Structures are given as C-alpha cells and as structure tokens.
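Contents: one structure, followed by commentary.
We call the chains A, B, C and D, going by the order they appear; numbering starts again at 1 in every chain.
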Amino acid sequence: MTTTAFDTTQTRDWMRRFAESVYATEAELTELDQKVGDGDFGTNLAAGVRAAGLLLDRTGGPADSAKELGAMATAFLDEIGGTSGPLFGLLFQALSRAAADSAADPGGGLTTGALAEGTAQGLAAIRRVGDAVPGDKTLVDALTPAAAALRAAEGTPPAAALAAAADGAWQGVRDTASLTARRGRASYLGDRVTDIPDPGAVGVALFFASAAATVHTLAPRLSTG
Amino acid sequence: MTTTAFDTTQTRDWMRRFAESVYATEAELTELDQKVGDGDFGTNLAAGVRAAGLLLDRTGGPADSAKELGAMATAFLDEIGGTSGPLFGLLFQALSRAAADSAADPGGGLTTGALAEGTAQGLAAIRRVGDAVPGDKTLVDALTPAAAALRAAEGTPPAAALAAAADGAWQGVRDTASLTARRGRASYLGDRVTDIPDPGAVGVALFFASAAATVHTLAPRLSTG
Amino acid sequence: MTRYFENGTGELVPDALAGFARAHQDLVDYDLADGYVTARHPAPTRTVGLLSGGGSGHEPLHAGYVGAGMLDAACPGRVFASPHNRQIFRASRAVAGPDGVLHIVKNYTGDRINFGIAAERLADAGIACGRVLVDDDLASDSEAVAAGRRGTGATVLVEKVLGGAADTGMGLDALVDLGTSVAGRCRTLAVASAAHHAPVTGEPAFELPSGELEYGVGIHGERADHTRSQKQVGVLVEDMTGVLLDALCPGPDDPVVALVNGLGSVTSLELYGIFGELGRVLDARRVRLVRHLVGDYVTALDMRGFSLTLMVADRTVLDFYDAPVHTPEWRW
Amino acid sequence: MTRYFENGTGELVPDALAGFARAHQDLVDYDLADGYVTARHPAPTRTVGLLSGGGSGHEPLHAGYVGAGMLDAACPGRVFASPHNRQIFRASRAVAGPDGVLHIVKNYTGDRINFGIAAERLADAGIACGRVLVDDDLASDSEAVAAGRRGTGATVLVEKVLGGAADTGMGLDALVDLGTSVAGRCRTLAVASAAHHAPVTGEPAFELPSGELEYGVGIHGERADHTRSQKQVGVLVEDMTGVLLDALCPGPDDPVVALVNGLGSVTSLELYGIFGELGRVLDARRVRLVRHLVGDYVTALDMRGFSLTLMVADRTVLDFYDAPVHTPEWRW
C-alpha cells in the first residue's frame, strides 16, 4: 500500500516530522544565517511550521495529502514574511496542487510522479519570483538536485524517491559551502564568507529528509569531510 | 635657604611634579573612579593641571609662590567642572592667599606656617561648600590628616612638613578603603563597594607627595597590607 | 531575556506595536489582526495612498513616519524579516485612494518578493498599485551583487518627499516617476564599530576586533564586505563623503540634503560631531548643503554605527521635503 | 578610538557642540569661548531667563531643549562632569531677564557646587538668581545617602513646565516655588541590562553577568546598590511602577504624566513595549495617565537601560506642559 502513493497519514507524519526537524535544528539554522545573513532564517521557518500547525488545529485537520500540503502553503504564503517564507510557500503550493491532481487519478494519494511534478513546478515558481539561478548560493541549489532525483525516481515508491531527493538536496547544501553568494543577504559579504552552507538550502534538505525520519541535528550532514 | 620657606622655584617645581604625577597616574585614577564613581576623576584632575600650565604660559609665568598657586586656583575654579575641580580650586586659592600673606612678612616665601594656615582654610572652605565630614569617604579624609600634620610641623622646614602631610594624606587614603561612602557618586552604591579607596583623597595625597618627588604609580601606596 | 527588555522571544514586535499604538492614538490606528498601522488624519487632497514596510528593528522606520504629510500605512514584519504579503495586501486595500496605492520598497529580496505578491493580489482586486524601489546603499553597488544596491537611509527622504507630493493630489504615475527619480539621486554609506545584538540570543551578531570598523555594513547585521581600522572620525567622514560625492556628482548649484543617521546605539554626541565633520568636508568641496537631518532615522536594532546619506535635490523636491509633516517621529 | 567615533579623547563634547550649533543655527547660538548654548527666539514675555546644565553624555539634555518654550541657556560640562562655574556665570549673565535667572539643577554634588559658586558670583554682580533642585531618583532615596536623591529623568518635565510658566511672564520667586513643587511630585527609577562604554577606554563601565539587571542605576554609570535577575519586562515594569506609585501616592483624580526614557542603546521597540506595560499597570490601578513621552530624553551615553518617571500634575501644570515648544529636540 505504501509502495505506490503516500496516504493522508503518511503525508501528515512527514509534515509533523518536518516541523519537529525545524524546531530541533532552529538554533543551528540561526547560527548559519548569522554567519551568512541576518540570523532569522531559523525563526522564520519555525514560525511557518507553527502557523501551519495552528491552521490545521483551527480547521480540524486535513482530509487528504493535498490539504495537508495546502495548509503549509497557506501558512507560509499568508503569514510568513522574510525572503524564504513565501518561497517555501510556493513550493508547498505546487506540491499541494500536484497532490490534488494525482488524488483524482485512479489509485489516488501522493505518488512519486506528483511529488516530482510538484517539486519541479515549485522550483520554477521560486526561480520566477526570486530570480536566482543554480550557483547563486540559495535554496535553489538544494531544490534543483532534489527535483532531478524525484524525476529520475518516477516509478519507484515515494519513500525511496524522497530519500533520493533528500540525498540530492544534502549534496546541494554541501556544495553551497564553497560558493560565493550572488543573491540574498549573503551576497553583500563578497568573498568574506566561505565554507558556510546556505541556510535556505538546508531548509529544503530538511523538508525532504523528514519524509523518512526527523532530523535532530545538522552537524553530521553539513560536513564535507 | 630652603630650610625656612619655599621660594618661587621650589613652589613651581612642586606644581610641575604634581602635574607630572597626575598625568602618570591618570589611568589608575580613572580605574578607581570607575569602581566607586563615574570614571572621570583622572580626566578632571589632568584637565586642571593642564589648564594651569596653559594659564602660566599665557601670562608669562609667575613672579612668586602665591601667583604659582594662584594660577592653579584660577584654572581649577574657572575652567574645571565636576565635583572635585572647584574643591581643589578652593584649596589652591587658600594656599595662594596664605602664601601672599607670608610673602609680605620678613623672610618672605612659602613657610610651613603659611602652608598650615592655607591648608586649614582650604579644608574649611571645602567642607563649607561640599558639606562633607571626615568619614564620608571623600577627599576631606585625606585633607584633614594633612592639615593636622602641617599644623604639628610648624617650625620645621616646608619640605619636612609637606612630607609629613603626604604621609598623613596617604594614611587617610588607605583608611577610606574600608569606609562606606555617604557623599559623592560612590554613596549611591551603598555597601557594594568596599576596599576601594576614594579617588579624590588620592588626588590630595598626590598633591602633597609631589612636593618631594613625582609619583609614578599609585599601587604601592594604596595597599594596606 | 539577557539584554533585551521583552516578554519573550517573538513578543518584541507585537508588544512594541501595541504600545506604539496607544502612545500615538491621536495620530495612528493599528490593525491588530493584520498587523499594520494607518494614519488617522491623512490630507483630504491625497488621491493615492502611500504605503511602506519592511522588517522591524529599523525604528522609527516605518511606523514612526505614518501620519499627515508622510505615509498612510506601514507594514512592519518580524525583526529583520519582510512583512508577509497578506499584511501588505490588506493594508494597501485599506489606504488606497481613488488613484490607487504606492508601495515604497527597500531593495531587499524578501521585501521585493512579498510586495510583489501583494501587488499581484491588488491587481486582481482591481486596485492600481505602483512601486518605488529605494536602492541607495553604495556598499552593495557591485557587479557581484546580483540583487543590486540595498535600500537603507534614503528611504526616509523618499517617504518625506513623496508625502509632500501626494498631499498636492499628484497621481500614481507621477508619484512613481518622482520617487524613482529621487531614489536615484540618493546614496548612502554605513559603518559600524560594533554589531547589534541578536534578540534571540542577546549576543552580538558578529564580532569585530577592537579598533576595527565594519565599512559598508547593512542595516540587518549583514557584515560589510571588508573591515578597516578605525581612524579619527574627521578622516573617516572625509573618506565616506568622497565616495558618496563621486557616485552622485552634484553640480555646483545643486541643492544637497544630508542625513546623518544613527544605527542604534551611537550617541547623539557622536552624531553631531559627525555632522560637523560632514559640513566641513562639503564646504571645502563647495557642495551646497541646504537641508540636513541628524538623529536615529533608520536603525539596525542596537548596532553601534552610523550612515551618511546624500540626496541631490532640486527646487520641487525641496518644496515637498519642506512641506508640513505630523507623524509620531517627524514633525514640522 | 575603539568604539566611539571621535577625533580623540576630550574632543567628543566640543566637536559635538560645534556640529549641534551648525545643525540648529536657526534655533540656538553657541558661545564657543565660554561653551554655552542660548536660545535665539525666546518669548518676549519672559522676565526670567531659564538655565540648566550638567555633565555631557545625557543628550538631548540639556542643549537639545534650548529654544522657545523651554530653556534660554544650557551649560554642558565635560562627559559626566558638571560645568564649571565661570561657564554658568557667563551664561546666566547672558540670559538673565529683568527679574533675573533661574537655575534648574540636578541634585549632584558637583552640579550643586558649581551652580552654587556661580550663584554667589551672580549675587555679587547684582543679578537675581533662583534655584530649582531636581531630585527625583528613588534609588538614592535612603538615609545612607547624605547627598539626597539624584536628579534624573524628571529634569525634562521640570524644564518643560517651567518653560511654559516663564513664557507667561511669571516672576523668579513664583517660578522657584512652582519648579520646586513640580520636582517634588516626580519620581524616577532606572534599570540597565548593560553598562555604557567609557569614552576613554571604549570598555564597559562595569560588567553585569548575563541575565542580571542593575536595578536603580544612575545616569553616569554609577552602579545601582543591587542587581536582580532579569524578568519578563511586564513583571519588571509592574514592580517598578508599584514602587513609584508608593512614593507618590497620586489620588484617583490626580492627572499623571509618564516618561518612558531610554538611557542610550535600548531600542525603540523595547521602549514602546515598556510603555504598553506601564499603561496596563496604571489602568489596572486606576491611575489617570493623561500625558506621556516615549523616547531618549535623558541618556547615559550608550547605556542599555531605561527609566520610568511619573509626575503628579494638576490643571496648571498640564497647561504649562502643553504650551508650545520649539527646540532642537522637542517641538509641538
């Protein structure tokens, strides 16, 4: 059953683990954003998952995967400012839309195909709005390999596909460490900051990785050694 | 010749050594006033001796001890604010007046009698204006034993009398360390500050001690051990 | 709760807004649900609502400039995070005039994105919306920075000039043109001798060795792209002013407006000393300094630094700048 | 030159005054030789000149309040050192009216001594001189402090009220009585979460363990007589307000004026948050809060703290408080 599509419970568990991962690593994210930005990325991301949780409490919880992801989209788009808030919102919105489409298909649920399609659409929207290209040292650098991994994994079960997406995202995160930022606050620092991965990219990796398990600490995943 | 009275050169040397002592210990005085006050005593005292020096440069220097002390009085009274500035000015004013009186006497110069009289008058003026009594942890606690020592030394040469005054003043300084301040900024601290001598009292001791030699550092003179 | 006086993390901004709204209830209204501030007594002659916003931590920007003669609404985000688009959308709808609403946006990715989404929603709702982008920060004027120059101190000058213009009944397109032109004639440079403290941790956002200056610092604790050693303030101001003038090249008859702006915890003694040095440098270079502001106008929490902004004006701009204003933090 | 932007030790104050004088040349004159600031446009109805002064480092106090409706002259001393008597004497002579000059003096030994000597010299010169002593600081209200309560935040309220009164042509004795009565109905309490930095060394004047508050701190970096652990600001403000009200005991119909004052580097976010808490506490205790000020009015260089001042007013006092004022830092 879990082989072909995520059901509502699985999607909900994923989102809950994502929230847990964000809370658990908030301090580490803050520290990263202090080094390359203004130190609020952890707070912004935590505010987003908290707002989504509150939204679901108020509405009595979702009936399906699309609504679970839709709550995330609404929370991030409507309640969270900052640079990353609405960008994550766009990703969740695209995933929710893809989930709704695939639910209409026979078999229903959140398939790997829907995940691949939603992530690709989300990435495209993020690039349209934020104007970043791969290599600018932004969350795009984690989302691009994640989207590619999902596309390549079409046909495999969502759990395996998301694990591959997470691997790609983490690699993307580690690759950002050696980049000079051209977008976002880190860009103002020129070459002064090196060897620090981009916090937004870490947020993307956390999202995919939480499909399998909660991430309690970033440190081991960031070391390139 | 130097046995009965200070001549102009001796008084001038004394004032110059006092200025030198103040500059040399300014940082230590600052540190003391930071502990029990607001940290500006060293700066205020240094500004006073500098203003006196500039005044003498402008007027072409003094013709006698009274004028040398008078320049100090004018500088401190007219140019230096803060609590201690005008109080030191009052001391110098009284000493200058006593020096002028004794210069009119046969033998002339700055006698031990004049020093005793001037210091006593200065102390009285300081107590009138500042309202402090011995034991309040102020410069009065150094000036009172200095005045007593000078009075007791009448008949001895000024150098010896001033050495006795300096000894008395330093003892007074060390005694202030165990007092709880009732006047000046230190009084707001209640019992929080102990074992720190009063900076203003140190200034008084510096003045008398400089009659014999420049004081290059406070530390050895402040330790009660 | 180690350094900031607050009720807990995340309460700093809402608690401040509640207190601000009570303190200035004669001048502003505060929409608690959507978190924006509006002017109670806008000029009846206005046909366009003026709105700005951005991350909090830059007070008095922007809420302190809501009122007659300046902004109709301000949308404060969380500390150093741009407001969300719903906030901007709702506030815009509340203050739009018959000729729409003008967004004054500091050039930061987050602000651009959120104001951009709000603008889409406004278009959808049939409300005309224009944008003036402020991008005065010289330190980020580099090929390597794809996002372009940051918006900083000039924002208050642009808000004041546009406020004066809007009060004459000027329409949306003309305001966009005017604002864009004014913003283009402003440049700013900022330095810091110590970082601000992060509210969450109470610790300095970055460490500066004693005697070093962060030269070209941003207003969110983004470090500058280099440090330099601290010099006498006269030398420092001369250097900074030279760079600003090279970028702006005012003609000998151009009236110039200067803003000497404290970033948080630099003392008023220092700011006036800096203004004195700036005046001397401009006099020596025969620049016509016709107006000036000295104080904390656009801060970065409690950062220990200052920024210099120069604006090349003209008669029209000066008239709008001189027009009456009555907001919580700016009045004449 | 490690933290302060200055040209060298000892130049901070004169450089600032020169810049201040240029920045506000429409409002004030600066006597360079004697180091005092005078108002250019005092009300012609005044018969008494109002003068205040004290150590520098408390800006905008006092020079920022020189102008129409407030002070006729201010005498700034060196940082945290009272002005010298010659400065006070000359400034007093310059602004004395037909009915003399009134000195508004914060209760500090140094200020009392220097204003005292100046008063003697004025008497000698045949100029009538009165004194209002401001001593509002509750933390120094103790038998053990022979010097009496310090003068702090209330100074600006006393200066504003006396300015309004002087503009009506009130004579010297009546002004002394009014000022003394107003000062007697003001109490202040100040706390700090970090010390100011000494200009000479650039180092904090004292070290506070993280999470500790200096409770009852002075405005010169005199430490308080004790520390306490930092609490939520709501709890802190409730405690402080309770102590102030116990000292002042306003009746249910007494109008009360509040000043929420930043000591240097506390942010505007925090000050408005504090005002919000203060408002809540006063409402709960049914105290009639009729006027308030929120901002940096009396600072202690870059100290990270704030003070709360309450003044029990009456109709007359409020009228003077509300009277027009036009100074560099206060205008309505």
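By definition in this document, a contact is a pair of C-beta atoms (placed from the backbone, for glycine too) under 8 Å apart; a residue touches a chain by one contact, two chains touch by 3 or more.
It should be emphasised that the depicted structure is a prediction, and the values quoted were computed from it without experimental measurement.
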{"item": "Minimal step count in the chain contact network, subunit A to subunit B", "value": "3"}
{"item": "Centroid comparison with subunit C (C-alpha atoms), farthest chain", "value": "B"}
{"item": "Gap in Å, rounded to a whole number, between the CA centres of subunit D and subunit B", "value": "32"}
{"item": "Where subunit B and subunit C are represented by their mean Cα positions, the distance between them in whole Å", "value": "54"}
{"item": "Averaged-CA centre spacing for the pair subunit D and subunit C, given as whole angstrom", "value": "30"}
{"item": "Multi-partner residues of subunit D (at least 2 other chains)", "value": "79"}
{"item": "Topology of the chain contact graph, where touching chains are joined (line, ring, star, complete, other)", "value": "line"}
{"item": "Chains grouped in pairs wherever the two touch, ordered by label", "value": "A-C, B-D, C-D"}
{"item": "Parts of subunit D lying in touch with subunit B, wherever the complex brings them together", "value": "9-10, 55, 77-87, 108-110, 113-114, 116-117, 139-140, 142, 144-147, 150, 198, 200-201, 205-206, 218, 220-226"}
{"item": "Residues of subunit A defined as touching subunit C within the complex", "value": "30, 34, 37-40, 43-44, 47, 77-87, 129-131, 136, 180, 182-192"}
{"item": "Touch list for subunit C against partner subunit D, complex", "value": "1-8, 11-13, 15-20, 22-23, 56-57, 59-60, 64, 79, 193-194, 202, 210-211, 230-234, 236, 264-277, 279, 292, 294, 296, 299, 301-302, 304, 306, 331-332"}
